[in-house]
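The following blocks contain the structures, represented as structure tokens.
Each of the next two complexes has chain A plus one other chain: chain B in the first, chain C in the second.
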Partner chain A sequence: MEKRVVFRNPVLPYLLLAPQLIVTLVFFIWPAFQALKQSVLLEDPFGLRSRFVWLENFEYLFANAQYLDSLSITAVFSVSVAALALSVALYLAVQADRVVKAAAVYKTLLIWPYAVAPAVAGILWLLMFNPTLGILAYALRSLGYDWNHQVNGDQAMVLVVVAAAWKQISYNFLFFLAGMQAIPRSLIEAAAIDGAGPARRFWTIVFPLLTPTTFFLLVINIVYAFFDTFGIIHAVTQGGPAGATNILVYKVFNDGFIGLDLGGSAAQSVILMAIVIGLTVIQFRFIERKVHY
Partner chain B sequence: MAGINLRGVVKAYGKTQVIHGVDCTIADGEFLVIVGPSGCGKSTLLRMIAGLEIITDGEISIGDRVVNDLEPAERDIAMVFQNYALYPHMTVYNNMAYGLKIRGLAKADIDTRVRKAAEILALDDDLLRRTPRQLSGGQRQRVAMGRAIVRQPSAFLFDEPLSNLDAKLRVQMRLEIKKLQQNLGITSVYVTHDQVEAMTLGHRLMVLNGGVVEQIGAPIELYEHPATLFVAGFIGSPAMNLLPARIGDGGDRVELSGGDSLALPPGRFAAHAGQTVTAGLRPEHFEIVTDDQSVARLAVDVVEQLGADTLVHGHFGNDRGSLTVRLNGTQNLQARQVLPMSVRPELIHLFDADSGRRLES
Partner chain C sequence: MRHFRMMAAAVAVSALAAVGSAGTASAKTQIQWWHAMGGALGERVADIAKGFNESQSEYEVVPTNKGNYTENMTAGIAAFRAGKQPHILQVFEVGTATMMAAKGAIKPVYQLMEETGEPFNPDAYLTTVTGYYMTNDGKLLSMPFNSSTPVLYYNKEAFTKAGLDPTAPPKTWPELAAAAKKTQAAGYPCGFTTAWQSWVQIENFSAWHNIPIGTKANGFGGLDTELTINSPAHVKHIQQLADWQKDKTFVYGGRRGDSQALFTNGECAMYMQSSAGLAGITKTAKFEFGAGMLPYWPDIGKAPQNTIIGGATLWVFDGHPAEDYKGVAKFFSYLASPEVQAEWHQGTGYLPITRAAYDLTKKQGFYDKNPDAETALKQMTLNEPTENSRGLRFGNYVQIRDVINEELEAIWGGSKTAQEGLDAAVARGNDLIRKFEKESQ
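Let's look at the complex of A and B:
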């Protein structure tokens, strides 16, 4: 049965919607239009004059090797972050689901990282992996592995992926745990009686029933890796060394606010928007079909 | 196929003991129903047989194997759950085939078994392709049974399988389960809180109360010779009237608290003369009499006409305790009428007022 609220006053529903609409307009729609507008303009660094240049900003970007690099770096980065954050969270949730004693303590501790600001999380990992001071860098070196993310691009990438994933694990963990606890115990018991061992039960019963959760988290994690990891990159590597961790969202900031190329930066934002919209559509269109709701 | 043997089975959660030493031998092919009020430990006992709960003490064996330390999968049992526990992401066919696939049966074998079970349970091809959420309650119940049947286990365990169905379907499925068990001849243990289900299904009943076995026996045996007050009150519908009473000094009459008294079989309770007891009188054993030797006068409070029977609610004399009487057919009775009632001496049950145990001669 559908529930409908009938408003006698024709203005009231719009008034109730207004705060949400205003926030969306001011902070999302308006900046998006500004970016669209800016992306076809060429502006001098002092903001005194601007010139309409058609799609020159975009043409420049796609001919630019650095930008194309940044695209593939972002792909590697976001896929790694999502994969790492999802798999570790799922593993932890499976373990937490089994804990009987002090389960609340365990869960609370696992949720804490989410409360840490991205920049702080970045600094934390930076300190631990600092080539000269870091305890983990020291441990690695004593194992015979030379860690220096300040010169080694791959190591820098690993570091930002780990830091970014670490922050997202808590969030994923919460959803996985809730999803798992929503699966009736009797299903697992029935599978046990049917002869399935713990691993088999997980992959044939629990995991398929978690697909809606996993799907939702995949979208959230990709978007997170695309946008919300700015703070971590900024604190840990500033996109370096030699652009090895220069993901799109960081490059937007770097080119626009450091390089003062406002038009180019806006063009990048527009492309970034298009990518995320595209990814989300693809995810909903194609992956959702394989999901059991 | 195999019998099931419980010896001194105890379950405790920490210091709280919930099952206090259950002994029972279930013969091969027998249908045992465990019945009791909610929280009596009946489901726990079943889950211990299934291997879903750890056995704190005692021993459970299925066939000639002690299964205490075996995984559920190794016990060769199948279980039907109260909520059916069908895998929601699999088709009906795959639900039934799941256990067989895990056992590594050949595809052709699996197919034969599933088709055969589907035929027994009247599940057609169209249904086999659906997922559980597209099925009605009764169909889900059938699929759950199908999943148990295809495995060809040595025992079936049922955990209140009918309690989620509406009344009409429940009666129908009850009959189907009984037929199925008769045809397959597989040892079954069935848990329910519904005494009608228990009476109609089981070869034998185990009445469980607070983790203690009150009585084990054939349904009629429990009805005719309840061993304890609890069984007396639990088995039969409407429930047996349990009235405070005293055995007369001669031992040949039972004096009800209302002032009237009924005759007892001569000499049988002579040893208990003068003892305070609880008298158990089944509603359906009352008859209207003219005889003034063994009569209790029932003051009628409410009359319920059910067509086939008439239920009379009333009380004896100045005793305010209410009791129910079931008379055959339609009776022309009014409230505030006083009826001369009696129960044949051999149908009167007497229980020790303190221990609640049945008094035998």
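Let's look at the complex of A and C:
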């Protein structure tokens, strides 16, 4: 028989839950509801005149070439950031796992970038690649490659992807390393005795056993690329040049705060919400089935 | 939207805090002034407020910096929605149409002066400055505060090295291109660059050549206006700039003032930037430089006409007690007095807003010592403004400027020709103007 602890007082459990519930309601549910409401209104910035326009704001978005561009840019951006951040972190974790001497030093150093705020990370990369002042832009130019991400959209995309991934690598690294240390030594040793080399051991034992970690990180990284990279985009390119790095979350900000187009901006955030919910559901329902726990 | 609500809440909290501290401070009526002037300019703003507060004992102007222009405007609007608006809000020129449309939220300056009985003579102001902010029947809506106009800065050292006359900046675009060739031959890798590309190369380019930016007198004649910046003259100019990138006669250095380093570190010999950039350039440039008028094409329109301004004005929010507005009106009179204006103009590079302040500065001999400071004024008042050179007034222009920036970047990057890019800018811009028209009904 299942043993349950039951609260005698019927109010107490709700009281204990209240802080968390209130925070969720005030900071998540209520704003989300407001966004839903605003997305079907056409309103001037001051809130003096407001009209219900059905789904006009959404129709406008899907007929708008820039918005559709922003969708595909976001797809490219998030997949690149997640792929780069995961693969580099995995590589570093494998290397760090093998190190015998001064392992703690390497690990500590690799974790540092995570402590850097996104905007600061953006500025760091911007300074290195500034076409006029940047040391790396200068180095590239001396190699005969003309770096100017203020004009070249592909270069701008590469720059923000690298900056965003760089910041996330530490986080991924921590989880991969922890995941690897949880793999029983005996398994790997047994494989080694059977004559499997390091690469073989990695692909047949370590990597499959890491899939829960990888799956978890994939979800986190996609969400990170969708939302938390705002600071980097804002500091480095502000969505430019010519909208080449204008990812959805930046466009929401730009249209809402710079352009004061509240309805359009709210409609975009509703779509963004739907996309992230959708992605998470897909990840849990379909990809998770392939994960070995 | 989520951010917007949170911002509104934050604003409300800070407003409450301000009210709390005000109760203990004094019995003076407080006038809240939210502005976007950071650094040295912010100190000047504080000086002006201090000067006013010491000049009388009834009112106290409290200046608060709320970030950059956009942040300040958004903060003001969010505060209004929360019922905690400041008395005075500084808004940049492209936000004019948005503020104008907010009937019931703002109190136009002419009305403020009438209601409070404050003496006010609109003719004392420079028309090129006030014209931008007037209704069609000549009534002033907001108080001009910091106005500037773009000029051509040039590196005198580079000119001397290239065998050019360092006292004679190029007057026309062909002369400028020839000068660029020579300075490039003298070891300066880039001919010229520009700040604020939409403001300088589209808006001021149009005014300077007396060609329209949009229909209906650049939007002054009504909300049902359309952009005309894909005219053959515009296309020719922008295509020429794009072509000039090949041999680095022209180099694009980013939006806003991001290109400044290209000039001040000696890469580009010439630079088109706001007259208010003078102080910043003086601080960072390690060479002697001068300021000339913007170049013009001899074969386009009727050039040179006059340039238009950029910068910001002070808008008055409605919804405060009548007594407060007396203080606001008194403060505006103080702000417009020749002494305050002359000092502001000389200290910052922004233009004076009254003729009296201009004359006072002349009399003080300021321009004899700083001839470059007068270039902007001469250029702006070169001719009586026409329909095309009075300014512009399009709804959603903050977003439209972004659209123009994007399309220009596509042209500089080579993915579009000038014709394609400007056509797209017009189509997208008109779309936003239509949206604004609909919103304002």
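Note that the second predicted complex is superposed on the first by the 288 of 293 C-alpha atoms of A that agree within 3 Å, B and C clash if a C-alpha of one lies under 4 Å from a C-alpha of the other, contacts with A are read in each partner's own complex, and residues count from 1 in each chain.
Operating definition for what follows: a residue touches a chain if its C-beta (ideal position, glycine included) is under 8 Å from a C-beta of that chain, and two chains touch if they have at least 3 such contacts.
Given the structure is predicted, the values throughout are model-derived calculations rather than measurements.
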Give the label of whichever partner, chain B or chain C, reaches more residues of chain A.
-> C
Where does A:184 make contact in the superposed view: on chain B (first), on chain C (second), on both, or on neither?
-> first
Partner chain in contact with A:253 - chain B first, chain C second, else both or neither = second
Once the structures are superposed on A, label A:229 by its partner contacts, choosing first (chain B), second (chain C), both or neither.
-> neither
Return first, second, both or neither, reflecting whether A:172 touches chain B, chain C, both chains, or no partner chain.
-> neither
First (chain B), second (chain C), both or neither: which does A:192 touch?
-> first
Common interface residues of chain A - those touching chain B in one complex and chain C in the other = none
What residues of chain A sit close enough to touch chain C in their complex?
-> 31-32, 34-35, 38-39, 42-49, 60, 66, 131-133, 148, 150-153, 238, 240-243, 253-262, 265-266, 269
Over in the complex, which chain B residues touch chain A? Could you list them?
-> 50-52, 71-73, 77-79, 81-83, 85, 87-89, 98-99, 102-103, 147, 151
Residue positions on chain A within touch of chain B in the complex are 184, 186-187, 189-197, 200, 204-205, 208-209, 292
Residue set of chain C touching chain A in the complex reads 1-6, 70-71, 73-74, 77, 80-81, 98, 101-105, 252-255, 258, 261-262, 265, 267, 396, 398-399, 402, 405-407, 409-410, 412-413, 415, 428, 435, 438-441
